[in-house]
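Order as written gives the chain letters A, B, C and D; numbering starts at 1 within each chain.
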Amino acid sequence: MAANTFGEIFRLTTFGESHGKGIGGVIDGCPPNLEIDISLIQKELNRRRPGQSHLTSPRNEADEVQLLSGVFEGKSTGAPIAFFVPNTDQRSKDYSHIQHTFRPSHADFTYQKKYGTRDYRGGGRSSARETIARVVGGSIAKIFLKSIGIEVHAFVQQIGEIKLLKPIEEIDFSKVEQSIVRCPDTETTQKMQLLIEEMQQKGDTLGGVISCVVKGVPPGLGAPVFDKFHADLAKAMLSINAVKGFDYGSGFEGVSSPGSMQNDRFVNDGGKIKTLTNHSGGIQGGITNGEIVYFRVAFKPVATLMQTQLTVDDAGNEIEIAGKGRHDVCVLPRAVPIVEAMAALTTIDHYLRQKMYHI
Amino acid sequence: MAANTFGEIFRLTTFGESHGKGIGGVIDGCPPNLEIDISLIQKELNRRRPGQSHLTSPRNEADEVQLLSGVFEGKSTGAPIAFFVPNTDQRSKDYSHIQHTFRPSHADFTYQKKYGTRDYRGGGRSSARETIARVVGGSIAKIFLKSIGIEVHAFVQQIGEIKLLKPIEEIDFSKVEQSIVRCPDTETTQKMQLLIEEMQQKGDTLGGVISCVVKGVPPGLGAPVFDKFHADLAKAMLSINAVKGFDYGSGFEGVSSPGSMQNDRFVNDGGKIKTLTNHSGGIQGGITNGEIVYFRVAFKPVATLMQTQLTVDDAGNEIEIAGKGRHDVCVLPRAVPIVEAMAALTTIDHYLRQKMYHI
Amino acid sequence: MAANTFGEIFRLTTFGESHGKGIGGVIDGCPPNLEIDISLIQKELNRRRPGQSHLTSPRNEADEVQLLSGVFEGKSTGAPIAFFVPNTDQRSKDYSHIQHTFRPSHADFTYQKKYGTRDYRGGGRSSARETIARVVGGSIAKIFLKSIGIEVHAFVQQIGEIKLLKPIEEIDFSKVEQSIVRCPDTETTQKMQLLIEEMQQKGDTLGGVISCVVKGVPPGLGAPVFDKFHADLAKAMLSINAVKGFDYGSGFEGVSSPGSMQNDRFVNDGGKIKTLTNHSGGIQGGITNGEIVYFRVAFKPVATLMQTQLTVDDAGNEIEIAGKGRHDVCVLPRAVPIVEAMAALTTIDHYLRQKMYHI
Amino acid sequence: MAANTFGEIFRLTTFGESHGKGIGGVIDGCPPNLEIDISLIQKELNRRRPGQSHLTSPRNEADEVQLLSGVFEGKSTGAPIAFFVPNTDQRSKDYSHIQHTFRPSHADFTYQKKYGTRDYRGGGRSSARETIARVVGGSIAKIFLKSIGIEVHAFVQQIGEIKLLKPIEEIDFSKVEQSIVRCPDTETTQKMQLLIEEMQQKGDTLGGVISCVVKGVPPGLGAPVFDKFHADLAKAMLSINAVKGFDYGSGFEGVSSPGSMQNDRFVNDGGKIKTLTNHSGGIQGGITNGEIVYFRVAFKPVATLMQTQLTVDDAGNEIEIAGKGRHDVCVLPRAVPIVEAMAALTTIDHYLRQKMYHI
């Protein structure tokens, strides 16, 4: 019943609302003696920060992380690592007009039904600002994973109908950060940028797909039944705001081709057992096999439109809401570090879980 | 670290191997005073049973469930409900030839890496027989859900490249059980059956997609952050053998259309607040909104082929394995009750979790 | 909310009622490749078995354990180990006369209040037969612990007002099994036996104290805040039927003497840091320090008397219940293996938890 | 593996070190719409604050609580309630001399063994300052419990050899706060105060016993097997710094008297079923029966002495440590609100768990 906690051993608990004092979290179970370079955490936060380009929300937040505990003389101690990122651009008044409104495809209505109340300022816990805490937790996970040779990289593969069709093995991940939309291909980036600008004009919004790889994962992570490595990845991804789907390896596309084309043949590659193909996405029977783990995450378009929409208020009266303020047309570029963070959190947790078998 | 347990309040723990004494489970957290009609459990088991048609594995198992505890005078007592389904057709000798073989896209290699050992007889815990315990658990969940007006229905929507394209609202679920492949459309059923028979001839296998709806879910189930209703559904589905993907509502397809076409407008329907469309799949901000919950589950083709395949043994030698025995060409028809079971387990758990808010 | 599960990594879930089909359990998280000698399990069960001497309940049960899963070729596989011990002497009719009775200091009344129902045959889950599953789980834990040099020994230190006053370091544990009451001192054993026989005549019952030591525990097990090693021991012990108290190290007696007499001085014993005294009971700040862990467990007298007692039925009418059948006058001799089992389960769990820190 | 979290539904996670930035926590699972009066929280913190009398540690800390999230317009929202209490009197330099010292009966040695490192400034997580977070969490639990008629009261029953011998039913809890040592008896208070002052002169320290009652608990809370109400209370209490023992009801003393004197006879008290006596301490079979819950908690004397002590450093050299600074001679008066807090946290958790049975 730990609804705000992710993980079994490396456990991230998050707190905070978009229009409260700030967003924070507690990591319980971080291995001791890990060097925590706060600039690496801040770098990841800057990748998800609003206002980083003209394509993103202009909410002006520095999103500076403060460590409150668990780090002593630059290293983790094994104690809980708590952190806090103050909200500095809350502008609560902007939201008073929606106090009684159930915005379409937002969580206003469902919150009211669940809790009998809601923090109507900006979505409360449903705000994407909650993901700040995931990025902080994920960046600490990444520091640990890097120390054991594991890297996590995501990129924008599709926005609206524009897709990058390159196979995953051919992606040059060093190009991701050079792209304003975090798509590692110049031409596709330009098309995506134009599409976003066009939608910005129309007051409409866009969804898309983020692809992610986890490299260097040793074989043996995961579990054969409920806690399959990909089942926990799926939960991690579907827990991100606006995500509607997940698949790994050959995924939804692979269902159409026969087994003879989907099986991954084992070979002996100079003493190391590998697979010739990787339709399995690096996971067989729920357990990693040492190949690259890869998966896709589907994001629906942003629900906040700069258009007039019809809906009802909490008394059931039909009302009209106007598009107001400036919001992200497409969250995918900023969601790349969030996907990476959740993948890192899933991976470190299964890595630590596997340690009990090394007897 | 409860790797063989699903759920927080209604908790199903499963045990048993495909070639051990049997498959069983323990349900901890079933509400007391629930009438447990064992024939309803057996009915669900019969839907996943091998040998139910010429299209499925002929492993001849009655799969009869025995209740070991937790039910007294026909009703649950609040104590753990343990159950056991003996294996009656183990034929362990069939598997001795694969003791040292890493079968392609099976869990042999990853088990060995994880545990340093494996029960090589038929996949151990990775066998689809483990899902017997889920079907038993799910059928008890269904009994409870039915008593509060919630129903779960799944069907085969795609096998190989053959798809049923009907919108979810137009599906007649009463036809599912009349179809040999559990597709509620006569014409598509015929095409699917022909395709399966064709592949049976070739010794090849097929994947596909199962769609599922949960009807009658009250608003308020789920949680806004990690334990979103759809995140737990995703984990539930990806934990089923051979599942490669999950999406809900408009899912992967919806990412291409703009927000103005994806938002679900609220309306006042005679005093009840509803949405005009249901791109959200009945879930907004991770919490159910009272509309129908629906989602899709992608299954890869069966890994066991009736063809010769190249692979390596556990010493790293290249070997050839022959197709042997008779296996399912396509598991989807038998997986329908498994998808329903996991959906029912997810729903009952969130239903019971929500009770703490009714103060 | 896993009310029938003990442990975080080595997790024992128990099921079954005293007058149902039997008692069983599932161990999830047992390390793989552990040799499981079923005769060692049975030996522990025989130590708690009724009818082992004229001082105990004559309920005639063989209490034979069956392993249902998780062991292959004599070794654990990493899969859940399920087991079952059938009830063979149920005699349900004996209990029909108490269907509507709230027996004094039994769980009849509280069950009815909690669940709105109860299995009135012999106490259901509250029966001491539930501890069969703990003894099985604990014996597997003991096998593992023994392989890493950890041993658990308990003995009866007090029955009624008769106490063995020997310091813990002077106890000869090899004498425990030679004593009919499991007290490792001949003279005290005789006094205890006479007292039990005397109470048997009177139809009255006795409580007492069991002491337990865990030897060979490496330093570092436990946690500094909520999951202190002794906090988890306390929960383990208080979860045993009829237990009313727990203390460790100098415990309740130590509260009266000043800090200068309670502190344990560290010394360098040939390169190994040890403490000169062990008032801490082997645990400092919630974490083991390498010294012997020891603690005491208080048991109330058995609630079932062979005397007439006044109480009420479930309609609130005053009624008289007669002493009937033959029951244990004093459960302590049979509770020794139960205390050991719960100590072993606590220790193995913390041992496995500590493995994540060995990086 | 949530080593810094207490509770299943009302979950308190604590963080912070005695000489870091402060102490804080996150409560996940607080029911929504609860009025959170911050002055009630502060009042409880003031009861455990150092420097509240000349008998306590003079560490000068205001211990002011800040709420960071989860409360909106004065009420809980159902979102996590995070809070922080800054450390304002850290004086880290005081501790540099003990960087390499293993203080007797402190956690220095065991921390080093567990984590391979430690925050040597004042004990890190083992400092009693961590209990600030428990008092905050407990005070919010108390607000909820009060709204449903449940009250928690503790008092100092024994310091050193001085005991208050009054039966629990005769205690006037309104007198607790009038006593400088929180003992609700004027004469005993005077004796205890004199004893503390005497030990202060000697540079020695004192332990003792705190008794606690929980009144107004409805029948039905708890569980029959591992999660017995008293087992969770025991874990809660043993998780408090310096606690060495726990018993409830007639406890350790009750083991000497026969069952006929320990059973609690049920009677019909004007339509309500009650027990005539309460040796059971309000709990039967692990489940509350509606009577007053009461228990005792044993505290060892403070380990920090104002005397010279011999010990070793982390290189194994024998060293002498001097008594330095001013510390509590006896923590019991300040521990009263901590015991109450942990009792309140245990009770609210079981109360919320029980809600799932109200169908």
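In this text, contacts are C-beta pairs under 8 Å (C-beta built on N, C-alpha and C of every residue); 3 or more make two chains touch, one makes a residue touch a chain.
Quick caveat: nothing in here was measured; it's all calculated off a predicted structure.
Chemist: Give me the set of chains touching chain A intersected with the set touching chain B.
Modeler: Per touch definition, common to chain A and chain B: C, D.
Chemist: Would you mind working out whether chain C and chain D touch using mostly the same residue numbers, over half shared, or mostly different ones?
Modeler: same
Chemist: Distance between chain B and chain C based on Cα centroids, please, to the nearest Å.
Modeler: Distance between chain centres, rounded to whole Å: 39 Å.
Chemist: Can you compute the centre-to-centre distance for chain C and chain D, using the mean CA position of each chain? Integer Å is fine.
Modeler: 26
Chemist: Just curious, how far off is chain D from chain B if you go by their C-alpha centres, in Å?
Modeler: Those two chain centres are 46 Å apart.
Chemist: Give me the residue numbers in chain D that touch at least two other chains, ranges are fine.
Modeler: 1, 3-5, 8-9, 14, 29, 32-33, 78-79, 114-116, 124-125, 224, 357
Chemist: Show me the residue ranges of chain A that touch chain C in the complex, using the header's touch definition.
Modeler: Going by the criterion above, the answer is residues 1, 9, 29, 31-33, 78-79, 224, 352, 355-359.
Chemist: Could you please specify the touching residues of chain A with respect to chain B in the complex?
Modeler: Interface residues on the chain A side: 1, 3-6, 8-9, 14, 102, 104-107, 109-111, 113-116, 123-126, 130, 158, 160-161, 199, 202, 204-209, 218-228, 230-239, 244-252, 254-260, 262-268, 271, 273, 275, 279-281, 283-290, 298-305, 307, 309-312, 316-318, 353-354, 357.
Chemist: Write out the stretch or stretches of chain A touching chain D in their complex.
Modeler: 1-5, 8-9, 11, 13-17, 20-22, 24, 26, 28-29, 32-33, 68-70, 72, 75, 77-82, 84, 114-119, 121, 124-125
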